[in-house]
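Below: one structure in structure tokens.
In order of appearance the chains are A, B and C, and numbering begins at 1 in each one.
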Amino acid sequence: MYQKYKNGEISAVQSFIIILSMSIGAGVLGLARVVSEVSQQDAWISVFINGLFISFIMIVIVYTISRFPQYNFLQYTSYLLSKPLGYLVSIAYSVYAVLVAAVVIRFLSEMVYTWLLPNTPIYIANFIIVITVVYMNKSGITALARFAEALAFLLVPFALLIFVGLPEASFINLRPIGGSGLVPILKGTIPSFFSFAGYEALLVYYPYVSDKQRPIMKYSVSALLMITIFYTAAVAAQIALYGPQEIQQVLYPSINYLTAVDFPIIERTEIFFTIFWTFTVLVTVGIQYMAGCIVLQNIFVTRKTSFFVYLLSPVVYLLSLYPQNTAEVVDYGDKVGKLNIFFGLLLPFILFIMYFIKGRKNHYEENS
Amino acid sequence: MKFPKKIFKHPKPLIKGNEVSGDNEDNEVYSKFNLSESIGMNRKHLETIFEDCDDIIYREVKLYRDEEIIDLLLIYTNNLVDAKEINENVIKPIGFYSLANNDNHMKEEVILDTIEEIVSVHAISRVNNFEEIVATILLGNTVLLIEHYDVALILNTVGGDSRSIEESPVENIIRGPRDSFIENIHTNIGLIRQKIKSPSLKAKNLIIGSESQTIVSVIYMESIVNKQALENIINKLNEIQIDGIFDSGYIEQYLESSPYSPFPQMQITERPDKVCGNLLEGKIIILVDGSPMALILPISFFQLFQSPEDYYERVLYGNFTRLLRLLGFIIATSLPSVYVALISFHHEMLPMDLVIDLSRTRAQVPFPPVIEALLMELTIEFLREASARLPGTIGQTVGIVGAIVIGEAAIQAHLASPTMVIVVAITALGSYILPHYSTSYALRMIRFPIILMAATFGAFGIIIAWSWVIVHLCSLESFGYPYLSPLAPLDADVTKDALIRGSLRRFKERPKTSNQKNQTRW
Amino acid sequence: MKKIVKVFVLLILISSLAGCWDATDLEELLIVYGLGIDISNDNPDQYFFTIGFPTIIPEAPEKKHEFSTEAPSLGRAKNNLQQKVYRQISYDNIRVIIFSEEVAKQGIMVHIDSMLREPLFRGTTRFAVAIDRAVDMLTMEPPVSLFISTFLFDSIEQNYEATLVPITTLRNFSHEYYADGIEPAMPFICYGADKTELNVGCVALFQGDKMIEYFSGDNSRAFMLLRGEIHGGIYTFELMDGFVSINLKGGSGKIKTELINGELHIYHDIFINCVLSEHTPKHEMLSANSIKALETQLEEKIKKSLRNALDILQNELKNDNIGYGKYVKANHPEYFDGESWNDQFAKAIIHVNPTVRIRALGVTP
């Protein structure tokens, strides 16, 4: 306990919590609306299927990178994909990470702007968030992972907020179950994919886990399954309250969901949602931003990670100020979400396939 | 109480303070000077060193043996010795011996042995240079010079006045032992030894401070402690350069790794039972002579909320008080800022009737809520400091009168609203719940930035301010031990002893501070 | 280097304190508790908005006050009203919104859009339709010296518990408006004996966002029973040359649908639990047979009144305010037509079957 963990900087349990906090982020706000646009009242089934699919991707990821316990992101992508491609992918990843961090910061300040502080200029709110994120990251991964752990306990009341609106909900709104048809349900998994985004950060963090002999596969998959259950329940509860038609009229169904019921002492439960959600999103931004900086540090080995943390902060700040209004923010989020398909879906599979080819090649060479 | 002999057999040489004080004549006079055989010359030398130190006493005694008269000289400091011991155990036996007849014609060593036999002091050693003689005289020992010998004897007669062992004024509990440390380090170590009677309890003494020559004792359990941390701490202690140490606070400031953090990285206590509980968990204790406060390191954040009473009471009561303390901490730091945020930013959160009443009372107050909050907080801080300085009953009266009268008057003069006064009062009470007074400083210090952030950004400001505090706590380490253990990094210990206390039967596994080898207690 | 960065950051943080953009003190706000919407007397194509708010200065002559303005929409009205008052108006605590009957008949969605868009607007604001003018209702001084909004809020609550009127909040209304298969309804307030007495016992029925009719008396209770919101209240019947009253204690409804030969049959079972509270005909009730007999008689009476209400809904109004459409949509999605559900509803054959269970008789036999 007196020195940093022996082989790395975060423990396996911390990696579990990192994945958990990463995926619950900005996506949960509008998830129900976006998915039910495609699959009506069966949006929750789409979300559930999507979650299972992503758990499968996670298994692929952990399987592939557990074969390279000592290599960091740059090294094993160069090994598997050849050096120039590896460098390209790494630089692309750090650019992507910075973009995602900027987008999420903007989502957060949009939410703050709409619900909490309508008159504060956006650049001030963004500035404060960026400073907090820089402070979070400058001490390294260990402090960040501990922060995620300390705040992981807020996810429990966050999940309990689902039950708040149930007195007003009627499950008849969810029926007929399966009535939208198989094709729309499967199509609905596409918009919900972006809400889970972030799990691919494990590609970057795995080399820093210190006790790799723990069952990391089990932890990662169970983290994703927990998130799947949480999202499914949240979406189902929201559709039960609103019904598939009204939900199209509500931009942030997760928050408006809490306005449906009166409480005796605390008149507004949205504030609680906002508080828990802000903490969670801060952790998400921190982890995503740190992933980008770590990859940059892998490339330019001579500098410390904190150098990149300071260096990229004005970049993130300016990027988060770029969209001019809410519609542009949503647009921006969509575009970045499309990049996620590459890093979250294609890259793990490519690495997996390349591992098989190269692994088999090695094996073959050994045998002959 | 066994006095460790080490210090008198091989006293640690005076630390660099000597060289630092420059080319003093005194250095050359006594640095490596040895005794001469003439008692007169030795005495003159010592009188030169101790010129104008009128509390150094020179007592001549004569020892008669077979018509030989041997001159002896006792030198000691007046108030540092136990005069009775000198009278009864040194001068008297020599006198008696002189009366008894003795036929022994032996060589010179015998005289030294003889004297060592007749003087019935519990610790004796020999010395031959002035450096050590001066040091031991100032520690309260008596030096016995013998005519025609260049070796002197050091007799342990340390005494002097000190406080008696009584209840600690700042750390009182309802159930549990009531003895507490006093200023004398030997008594303190004795109190610890009374509770842990094991040879593996080690007490390593260092002398720090060039002029004060303070004994600093590092106490630990050999079989349990983490050796690396121990080495680290002893190295750091050896590197301290200072002229005088008067309280354990000096050592604390030299040892801690984040001096600008509002949270303490060591715990201080006056209670030996708390110290012993921590020793058995593998922690290291530092005692400083002249200070009743012992330092416990390394600690975690949750230890600041623990009091030994939690362990002595039954499981339910112990947990109840502990949770109450945590609640008190949270309320004491957040309540004023939540009030300010709700009033200024988030009126929708308040129930309608409360809103109307609040706005009625606030309409009469000219200041914005933030200024009101800061004014009241400042007043409470003044009251606190004032009542701490005033003696006994006056202090209590001022506290009560001040609080009530000032609160009432402020409301009447429309300088504060009643709600604000209530908020500030509850906050003040909440900050007193913490078991030790000095940890409440941390609380008070983080409260003000949180209020300012709440005043500027409302609930968002509170969230950001708390994030900063938590990030700071996460990156803080107390001698390599993460400050927020066992919460982050997550450990199974968290249900055993952090926020809630499990039953004592579950305490079989030691917490992670200790040596990995000796993990089980019984 | 680190120190300079820290100082710089600190300076920036402190400078941001210089302008607290959002801080508005509580006493600088005008907190509106009730909003009323009427048709303007002078310009019939404009609306007349009234807000009621408490005064907070102790020396004020009255405890509450109202302001009104004429405007074509709620947004414009907010602007006009702000010009008339000296503090910033905050609409976030509105408890009750009252529409006058004419406004309701013209359609209320135009006003609700602004309420839905505002994030801090309460989702649990109660809606009600007032007979006559909303402004009269808001300026009324209830004899119990509460604010009129609290009075209305609590009356609606009480009558909801008495199974007489539904509670319609902003969220409810928007849900029932947008969802296919159900049309909104809200409480309808009339005056009692004179203008200082209120009677919150009728239900206003909407088609889309326009009011078409209101139920009163027996019909409104029947409506609540059909909706499945059975709580408390006293239900009186004239039977056997006497009066029988039962204290409702709760209940539920079960709706089943079937398509037989292309025709929609809806089976609605209603369970009513109650306690006997008045029984003036002179015979003892303490036997299973007599209770059963009474139950059967009550069931017939209730069935009649339910049928009455349903007939009005199906034949006269052709409007499904009860929500059968949701069940039909769930069970027969291919038959259900969102656009023309009301016509389908008018053609459906509804079998309503109440079951009364008298649990206790009180302390006399």
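Note that contacts are C-beta pairs under 8 Å (C-beta built on N, C-alpha and C of every residue); 3 or more make two chains touch, one makes a residue touch a chain.
Quick caveat: nothing in here was measured; it's all calculated off a predicted structure.
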Looking at CA centres, what chain is most distant from chain B? C
Relative to the centroid of every protein C-alpha atom displayed, which chain's own C-alpha centroid is closest? A
From the mean C-alpha coordinate of chain A to that of chain B, what's the distance rounded to whole Å? 48
Using mean C-alpha positions as chain centres, tell me how far chain B is from chain C in Å, no decimals. 69
Rounded to a whole Å, what is the gap between the Cα centroids of chain A and chain C? 41
Show the residues in chain B shared as contacts by 2 or more other chains, in ascending order. 345, 348, 352, 457-458
For chain A, what residues touch not just one other chain but two or more? 117, 120, 128, 267
Got the chain C residues that touch at least 2 other chains? 16, 22, 120, 122
For the chain B and chain C complex, residues of the former touching the latter: 343-345, 347-348, 352, 355-356, 358-360, 362-363, 368-370, 452, 455-458
Can you check the complex and tell me which residues of chain A touch chain B? 1-3, 11, 13-14, 17, 112, 116-117, 120, 125, 128-129, 132, 135-136, 139, 143-151, 264-268, 271, 274-275, 278-279, 282
Residues of chain C that touch chain B when the two form their complex: 16-17, 20, 22-27, 29, 31, 33, 54, 56-58, 90, 92-93, 95, 120, 122, 150
Can you list the chain A residues touching chain C in their complex? 114-115, 117-121, 124, 127-128, 131, 168, 170, 172-173, 175-176, 179, 241-243, 245-246, 248-249, 255-256, 259-262, 267, 310
Given the complex, residues on chain C that touch chain A span 5, 9, 12-13, 16, 21-22, 116, 119-120, 122-124, 169, 171-172, 174-175, 177-180, 326-327, 329-331, 333
